[in-house]
Each structure stands twice: as structure tokens, then as C-alpha cells.
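In what follows, chain A forms one complex with chain B and a second complex with chain C.
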Partner chain A sequence: MTESILELQNVEKYFGDFVAVERINLEVKKGEFFTIVGPSGSGKTTMIRMLVGMDKPSRGDILMSGERVNDVPANRRPTCMVFQSLALFPHKTVGENIEFPLKLRGETKNNRKTRAIQLLEQLHLTEAYYAKKVSECSGGEKQRVALARALAFDPEILFFDEPLSALDYRLRKTLEKELKDIQRQTGKTFVYITHSLEEAMVMSDRISIMRDGRIVQIGTPDEIYNKPANSFVAQFMGEVNQFNVTRQDDARFLDTDTQDTYVGPPDADLQSGVLIVRPERIQILAEGEAADTEIAGTVQNQYVLGSRVQYEVKVTKRSLLVETMIGDAWNVGESVRLGWNSDQAFLLAR
Partner chain B sequence: MSATETAYRNRKSEKAIRVWTVVILLFIYLPMVAVFIASFSKLRFFMFPVKAWSLDWYASVFNSIEIRDYLGTSLLIAGVVTVVSVVLAIAGALAFARYEWKGRSLYQKLILLPIFFPQAVLGLAILLWSSALDLSPGWQLAVFAHLVWIIPIVTLVISIQVYGFDPSVEEAAYDLGASRWQVFTEVTLPILWPGIFSGALFAFLLSWGNFPLSTFTTGAEQTVPVWLYAKMVAGYSPQVPALGSLTTLLAGLVLFGGYWLGRRKAKK
Partner chain C sequence: MNMPSKSYSVTDSSPERLPENRGSALNIRVRNTLLWFRQPGALLSLPALLIFVAGFIGPLGLVVIYSLMPERSFAFNQLPTLENFVTIFQEGYYISYAWSVWLALVSTLILIVICWPVAYGLSRIFRRSMILTLLLVLPLFVSENVRLFGWVLTLLNHGILDGTTRTLFGWELPDMLYNAPVTVLGMVYVYLPFMLFPMSLGISMVPDACREAAFDMGATRWQVFKEVELPLAMPGIMIGCLLSFVLVLGSISEAKILGGQSIIMISHDIETAFTYAQNWPLGSALSTLLILLTAVLVIGLLSRLNLDNLLSRK
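And then the complex of A and B:
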């Protein structure tokens, strides 16, 4: 097992009576891309401020490479952060921004410049950017400069506070992948904070999901997607179909709202809860096809999402969301048979 | 309304605005121009229009050791006021606009109040206090009086710059290993520099031209505006318009020279 570089033991933070984060226990391994995901107000910003040393925990310990760092201020920690606002120095050139941590360490001008240009190239920016003003750079270029500055610091852990949230969708997608590449190339530990689970899925080795100041689940993207700990996690990834159910017998569950019955997941041991089926796990059955659970309905709406199409299908007393690859054409008003197999559904506590 | 019609209207209103601007500027500057013209008059008396021209009074201003002393005192006071007020106002502006602290909103009101004190009353009050404390009036007391009025103004000028400042930039520098002092010199100070520079210009010019505070507090060490006033109310000398023009000219030089320097620095 790889050694842990960052460990939180029962970390809590209060602001007066307000509990910002509560009983946080987690461990980040060396070289890992670890992401903390949560909606706004979930305590993730409080978390990262404690991790970089800008706030102290009210209780509990933060360990870096086994040493307690609770009282070590941000400027003495071997970590640094890429800020949400990027926090580039507006009065310095791109080159001076990147060189800043090296200048503080007393590196010679030549060494600094060599390293800055090396970093620019690593981040797909040409040497011409060295002398540019920060204000002359585009949003994506500023991102890269901020990352280069953080890498120049050569931190043991690099923290990110939602730096991509202000960018447009396509650029964000490109930078997410670049960030993952950089992390793999440098072998550094990245701890990333975001409100977008989708973004976390693309980049992370492991994800921690926060809600109301607590960790709800920690796992690989695969685990988060396929074995969500509760319906909050399941819904966080996107729209889902939810049914309030109680157990009827070993395999069958009764929908308490519609009185329909569904075949549940085989390993579920709950007596009642929320049965969740993702839209892409429901199939529109062709003639002769069968599934564990089958429901008849009428196509009510169609939304093209790009490579996929989402259908809103009216079934008894409710409507379900179904996603298929584009190309399967179902018309609005058409009668269809929906179905899913029992292992495609989760039964979760309410 | 058609596009050409709009353009026509715009051109018409543009012309009106231009004429209006010139009228306003004339209104403001004409009295000063009158003094400037009068300073070249040969006559001993302030008279208009000027019939005979001469530079005699300028020569007499430059040759007067007495006037050189007043200029020196004015410069000394303005210089000290500039340095002290800027240093204090930087801290004051950070407290005004940057940091959240208990009592900040009260402070924001209190710090601005001295700007609106009637200056003559403020000058007199300071003089009364100084005699109560057994301090004799002089240039030091004038510096103090000027500071009471000028620090709030400079604080306000620098605060405007502080408001446009992203505090995470300071945190980033700190996070990248800078000490508190390095954060201040490497990040805070350079970013606030344009505001500090404007603040310094304000401080210098307001002190340089101040009469009501100086008249009560300078004692025997008169400044140029105090001397000018004294000469106007009693024993008029034609040196008055000449020296008046010179001090205004110097203020203009400081102002425009300052802006020119600031722009050149920004371009680099």
C-alpha cells in the first residue's frame, strides 16, 4: 500500500455556534488525485482553507506525511493552492508570476527564467507568454499560468479550489483532461474541490462527497457511480428515477405511491427505502425482448442531449426518464414498453 | 427615428456639450487668469485692464529673502504632511476597505468627518489646544493641523484603490511562501501604488495651498498663502499676484507632472 501524505483525524470546525465541518476522517495517498465534491454550503471551502493552513481546525488533527500541521501557517507548509479567482498578481508579468515562489527562495534570475519557460512549455504555452501581462491572457491561459506558478513552488500537495468553474464548458473539459495529464506526469498529489461530480469523475482517482459538513461517501468514481451510499449521492451525478418502495417478498418491492411492483437488486437487505434507476439503465424494449421489471408507457417528450437522447415516458401516475443512444427513434405519443434488470437498480435508505 | 437622424442629433448635442464645457472651464479659470495677467502689470495697484507690462514684480519676488523663507516653510510643511499622511492613510485605507472588524462602520464615518469641519474653526481649536498644552505655534503645529484635515482625504483616495483589490491575491502570495512583510512589499504595495500616488499628490497640493489652518497654527513661520492674505488685507504689494501666480503654477506642475509620471510608469 502506498503511504498516506495527508490525513484528517476527527477534524471539526465551528464558527461560533455554526458547525461548518464535522467529524471528518480521510486519508489521501501519495500521488493520488483526490477530489472533494459537495454542493455550496457543504463545508468544502472550509475544508480546503484548513488544509492549506489559512484556517485552523477547532478540533481534531491534520497530518501531513505523518506530522501534525494544525498550527503550521500557510506560508510554512509544503503545499500550495490554485485559487478559485486564480489570484494572479495583476502587476506582474506572466513570467514574474510563475517565478514568484522561486524569487522568495532566492533562486538566481537565470534559474528562475529557465524554470518558468520550462513550465510554460509543459502547460502548452509558448515562450512568448513569459513577457506578457496577465491582463493580456485569456481565461484558459490564466488557468495555465496559475497552475505553472503553483508547480514552480514544487509543493508536496497541490490544492485546487474550483479553479475551472468560471470557464465555458468546452474549455473546462479540455483543462480537466490536461490537469489529469499534468498530475500523472508530475506524480504530485492533487487535492481538488468542486461542486461538480461530473468534473470530479473525469479527473479523480478517488472522490469524497460532502453534505452539510460531513463526508457522505469516499470511493473511486466507479464506486460512486455504481454503489452510491445514499440517494443524495445517487442524485448528485444527474437526474435519476426514484421510487419509494417497501419490500413485498425476497425479490419484489411495492411502490408505495403507485402500487406497482418492481424486481429489486438481489443483494438489497433493506425492508424499505428508495429504489433508484438511472435513466441510461432503463431500456425501451423491442418486440420479444424481456426484462426483470417491465412497465408500459407513452412517450411524452424527447430531449436530444448530443450523443444521447432523453425521453420522458408517462407510465401509471408518473413519468420516467429514459436515455438511449441517438439513432433509436421513438416518437412522441408512441406506446412503448420500458424495462430494467434487477441488478441495474439500487435500493438505498431514505 | 432613423439612423441618420440619430447621428444628426448626436452631433448637435455633442456640439452643445462641448460649448457648455468651455463655458464652465472659463467660469472656473477666468479669475485665475485675471490674477495671472495682473501680475505682469507695471502699476503698483491691482487694476484692470493692464496698460503697461513688466516683469519687475517677479524679479522682486525672486530677490526677496523673506519670500524665499515662506516658500521654504510651505514646502517643508507640505513635504512632511505628504509623507506622514500617506503612511498613515495606507493603514487607514486597509482598515477602511479591506479588513472586516468590529466598529468598522463607525470608523468609516468618523474618519471622514474632519473633511467637513469648517477649517477656520479647526485651526482655531488646534491653536487653543496648543496654548492649553503650552506648545508654541510653528510649522510643526501647522503640520499637525494639516494632517487632521488631509489624512481623511488621502485615506478616502487610497480606499478607492483598496476596494478594487482581490484579497485572495495576498493569500496566494502568503500561500506560496511569502512572509507577511513580503506580501506587503511584493503584492499589496505595488497593487495599491496608483492610489498611493494620487493620495500623495492630493496631500501635497492641499497642504501647499491651505490658508485657514495655517493662519492659526504657523505662528511666526508663515507659509505662502498666509503671507499672501496678510499682504492683501494690509499693505498691499504688487508681489501678491506674482507670487500667487507662481504658487498656482507650481501646484499645476506637481499635478500634471505627477500624472505624466504615473502614466509613464503604467506604460512600462
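And then the complex of A and C:
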């Protein structure tokens, strides 16, 4: 068991009557990539501002390596944040930006430059960037400079406030992986905030999902995906099929909207709730194939998502989303049989 | 260009092309001039351009021409002479210039120090509140001379301040009027808004995130000021310095009313030359030198500032 570097105990933050975050308990382990995910307004920005020391919690304690840091201001905490806007200094060159935390500590010019160039290299930027202006850098390059500056500070915990949100999809994907690599190389603790669970899945060791100022679930990406705590978490990952059901017998559930019956997970304790089946877990059954639950329908729409295709299939009173690998061609208007096995569905509280 | 010359080197073909090019260069220039007038806005700018030339460039030109005319003359169709400038250097006018520049420098420096905290509060704490801005601008609605006489009444022997302390405590205050410090006080008081508002604009241009990032990386309050706020607010500070420096350089009432002739500034000399002395050419020569001096100082400052560079940053 590795030691915990950051611990939150019953942390709450109020702004007047407004409760921004409520009863937050979590523990981040040393060397972990921990991500806090939540939609906008879920309190994640308030969280990170308290974690770096720019706001104080109204109640509860924040512990860093076992010590209470509630009242320690940001400039005396061994942490550093990469801002959403990056907050690079426009009047300084790339090199001066990276050297900034070292300059504050009174490092000599030569040491600073050596370290800055070392960091540029680590982030796949050439030495030529050292003398460049920040305004001459592209979005992705600025991102790397901001990260280099934070690494130059050599923090015990590195915080990220959605720094990739302004970049285009491909660049974001590249940088997500680079960030994960750098975290592995440096062995530092990264705490990352994002609204995209997809982004969190790629990078994180553990994910905490927030909603309305509270933590809904903390778990590994695998747990979040396969054992979501409730339908909010399940939907957060992407589009899902959900059915309002009540239990008929051990593994049979009655859809309260359409009166269809489905075979669901037998071990669920709930008597009623939401039955969730992810689009990629529903199969379009070929002749002779069988599944626990089978429904007949008509293909209504087809959306190509890149490597996968999503079909909207009309069944008696509703439509279902089904995803398959590209290449399985079903035409719009075609009649199909859908099916899923009981272990592909999960029953969650409403 | 003809085809065969293409196969030779560039130096071979250029002597043939040169005369032909010269002929067309004039055509091109005429066409370019006509094209300039066809740009959007070019014709619309003409009235403003005319007013600018007639109202600003014209009088300025007249002043320069007058400065080259013989002493105490009122016509400018005589032979140009430099005798006015010789007079200026012989008769100790440099003292007045020195006073003007020195007072402008001192006032500007004091204004920087006084205005920084006020501008900081105005742009960061009060978020450029309308009421506060109005209160700060309000004195500008009252004539400068009236406000300066207000100071005179306040600081005068047996005036508001001295009279009050005498009656209440029997204290006799030392003479406060008619010296250099009180002149500077008047200048700082009158030109405060011209430093304050550009400066507060400059401060509001400093992104909050930059300030927080520096703080987060361990900067002390002083380091945030030195490394982030001051350089990023510099365009505003420079504009404020420029305005107050130039205004003090050309000011006259503060030295006259509060300074009570203890200090003769160059603007006072210019006024005297034009009015009592009836020596327009000398006054013009003094003005021309002042304009040159201001231009040298201002252009020197502006070239170091590189406004475009600072303002186009993202």
C-alpha cells in the first residue's frame, strides 16, 4: 500500500448560501494519476482552487503528506497548477517562462537555462524554442511550455485545470498520451480536472466523478465503465440505452414503459431501477444466433463514428442505439433482431 | 521580359530592362496614388485631414517660420535669421527649460508612486466602478485656475489651514506657498487623472490567471508585482507618463499661482515674449525649441516602448 499524498476530510465550501462542494472525502496516493470528472457547475473548479491553495475550505481539512494545509497559501505549497488558460507570461520568452519558478528560487542563470533546455527536450520541443516568444507558439506548443514550466517548479503534486479543452481532437489525443507518459517517467502525482470522462479514461489510474458538489463514485477506469454507481455515471461515458424496470422474478425484469420483459443480471439486489445496456454491448443477431434477451426492430438511422457505426433501431415503442464495428453493413429500413446477454446489462438505482 | 533573356543570367538581362522600367515607374506611381483614393475611407478622411492640416500643421508651421524672423517683427516675409536662437542661448533661458524638464520629471515620478495603489484598487477591487470614476473626474469640470486658487486660500498665511491651527491651538505654520515643492504639489494634483486612468487601464490588462500562476509557483507579493504586474501594465504606465510629462512641461498656472514667480518655467517665458515683450519671433523660437525637446524625449520613450508589440499580445 503506497502512502497517500493528498487527503480530503469532509471538505465543504460555501459561497454565501450557495454550496459549491459538500462532504468531500478522498485520498490520492503518491505517484497516482487521479482525475476529477464532472459536468460544468459540479464544483470541480472550486475543488482544485482549494487544493492549490487559492481558496480555503469552509469546513473540513485538506492534508498533504499528512499535514493540514488549509491555511497555507498557494505560494508556500509544494504544488503547482497548469491553468485552463495556461497563464503563460506574454512578456517573457518560452525559456523565461520555463525558468520562472527557478528564478524565484534564485537559481543561477546557467543552471536555469540547462534545466529549461532539458525540459524542452523532454516535451519534444527543440532548443530553438528557448528564445521564441509565447505568441509565436501554436496551441499545442503553448501547452507543452506550460507543462514544462510546471515541471520546472518540481512540485510534489501537479494539478491540471482542463488545460486540453481548447485544443482540437487529434492534438488532444496526442497530448493526453504524452501527459500520461510524462507522469510515468517523472513518477509525480498528477491531479487532473476535466469534464470529459473519455479524456479521464485514457490517462487516469483512478477517477472521481462529481455531480452537484458531491463525489458520486471513485474508482479505476475499468470500475467506472463496468460498474457505474448510478445511471448518472453510466450516462456520463456516452450514450446508453436505459429502461425503467421492475423485477418480475430472479432475473426477469418488466419494462414499465413498454411492458416488454428483459433478462437482466441475476445478482442485483434492487427490486426496481434503471436497466442499462451500452450500445456496443447489444448485438445484431444473425440467423441462428441467440441471446438472453431478444428484440426485433427496424433500422432507422445509421451514423458512422469512425471505426464504429451506430444504428438507431426502432423496436415496438422506442428506439435503441446499437454500435458495431465498421464493415457490418445493415441498411436503413432493414428488419433486424437485437439481442444481449444478461451479464452485459446492469441494474442501477434510479 | 523577352524569352531569350530568361536563359541568360540575371545580370545579362537587367541593363536592357532598366530604361523600360523607369518609364513605367512614374505611371505606376500615378496609378497607385489614384488607387489610394479609391480605398474605402480615403475620401471620407479628407475633411478631417484638411482640418488637421489647417488647424494643427499650419499654425505649427507658422510658429517655426516666425522663429526664423528678425526680433520684434510681425511679418514673416523677411530674410530668415537664427538671431532668436542666439538670444536664447546667450540670455540664460536654459534655466527655464531646466526647471520645466526637472519639474515634469519629478511630478511624473511622484504621480507614478501615488497612482499605482489607487489605480490598482480602481481596476481590481472596485472593478472600474462608474461612481468612483466620476468622482475622480469631477474636479476636471472645474477650471484649473479656480482649483489652484482654492489651494492658495488653503495654504496662505492666515488662510484656511494656518488660520485654523492658529485659532484652535495657537500654532503658527511656516510659509507654505510660493516655492518649488508647492508647485509640484499643484502639478501632481492637477494632472493626477492623466496618470491614473491610463495606469488603471494598464493594470486591468494583466490577466488574473498570470498573477495566480506566479503566486502558485511560489512568488511573493513583491515578486508578482515585479515579474508580472509591472511589465504587463507597462503600456498603461508609459502612456500615463507621457501624458503627464508633456502636460507638466507645457503647464503655466501652477508655477504662477502656487509658485508665485519663485520658479520661472519655459511656458512662462514664452507667454511673456508673446505678450509683454511683444517679441513674437523670440516666443516662437522658444516654442520651437520646446517642441523639439518634447519630441526628442517622447519619441525616445515611444521607440523603447514598442506599443504594437505590447498591445498585440494574446
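In this section, the second predicted complex is superposed on the first by the 350 of 350 C-alpha atoms of A that agree within 3 Å, B and C clash if a C-alpha of one lies under 4 Å from a C-alpha of the other, contacts with A are read in each partner's own complex, and residues count from 1 in each chain.
To be clear about the criterion, contacts are C-beta pairs under 8 Å (C-beta built on N, C-alpha and C of every residue); 3 or more make two chains touch, one makes a residue touch a chain.
Just so it is clear, the model here is predicted, and its values are computed rather than measured.
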- Please tell me, clash or fit, for chain B and chain C sharing chain A in the overlay. clash
- Message: Going by the contact rule set out at the top, does A:90 touch chain B (first), chain C (second), both, or neither?
- Response: both
- Message: Looking at A:100 after the superposition, I want to know if it touches chain B, chain C, both of them or none. Which is it: first, second, both, neither?
- Response: both
- Is A:135 contacted by the first partner chain B, the second partner chain C, both or neither? second
- Query: Looking at the overlay, does A:170 come into contact with chain B only (first), chain C only (second), both, or neither?
  - Reply: neither
- Query: Between 2-10, 20-28, 110-118 or 164-172, which run of chain C pushes into chain B after the superposition?
  - Reply: 110-118
- Note on the structure: chain A positions within both the chain B interface and the chain C interface are 52-54, 73-76, 80-81, 83-85, 87-91, 100-101, 104-105, 149-150, 153
- Task: Under the touch definition given earlier, write down the residues of chain A that touch chain C in their complex.
- Result: 52-54, 73-76, 79-81, 83-91, 100-101, 103-105, 135, 149-150, 153
- Message: Under the stated contact criterion, what part of chain B meets chain A in this complex?
- Response: 166, 168-169, 171-179, 182, 186-187, 190-191, 193
- Message: Residue numbers of chain A touching chain B in their complex, please.
- Response: 52-54, 73-76, 80-81, 83-85, 87-91, 100-101, 104-105, 149-150, 153
- Item | List of chain C residues in touch with chain A within their complex | 207, 209-210, 212-220, 223, 227-228, 231-232, 310, 312-314
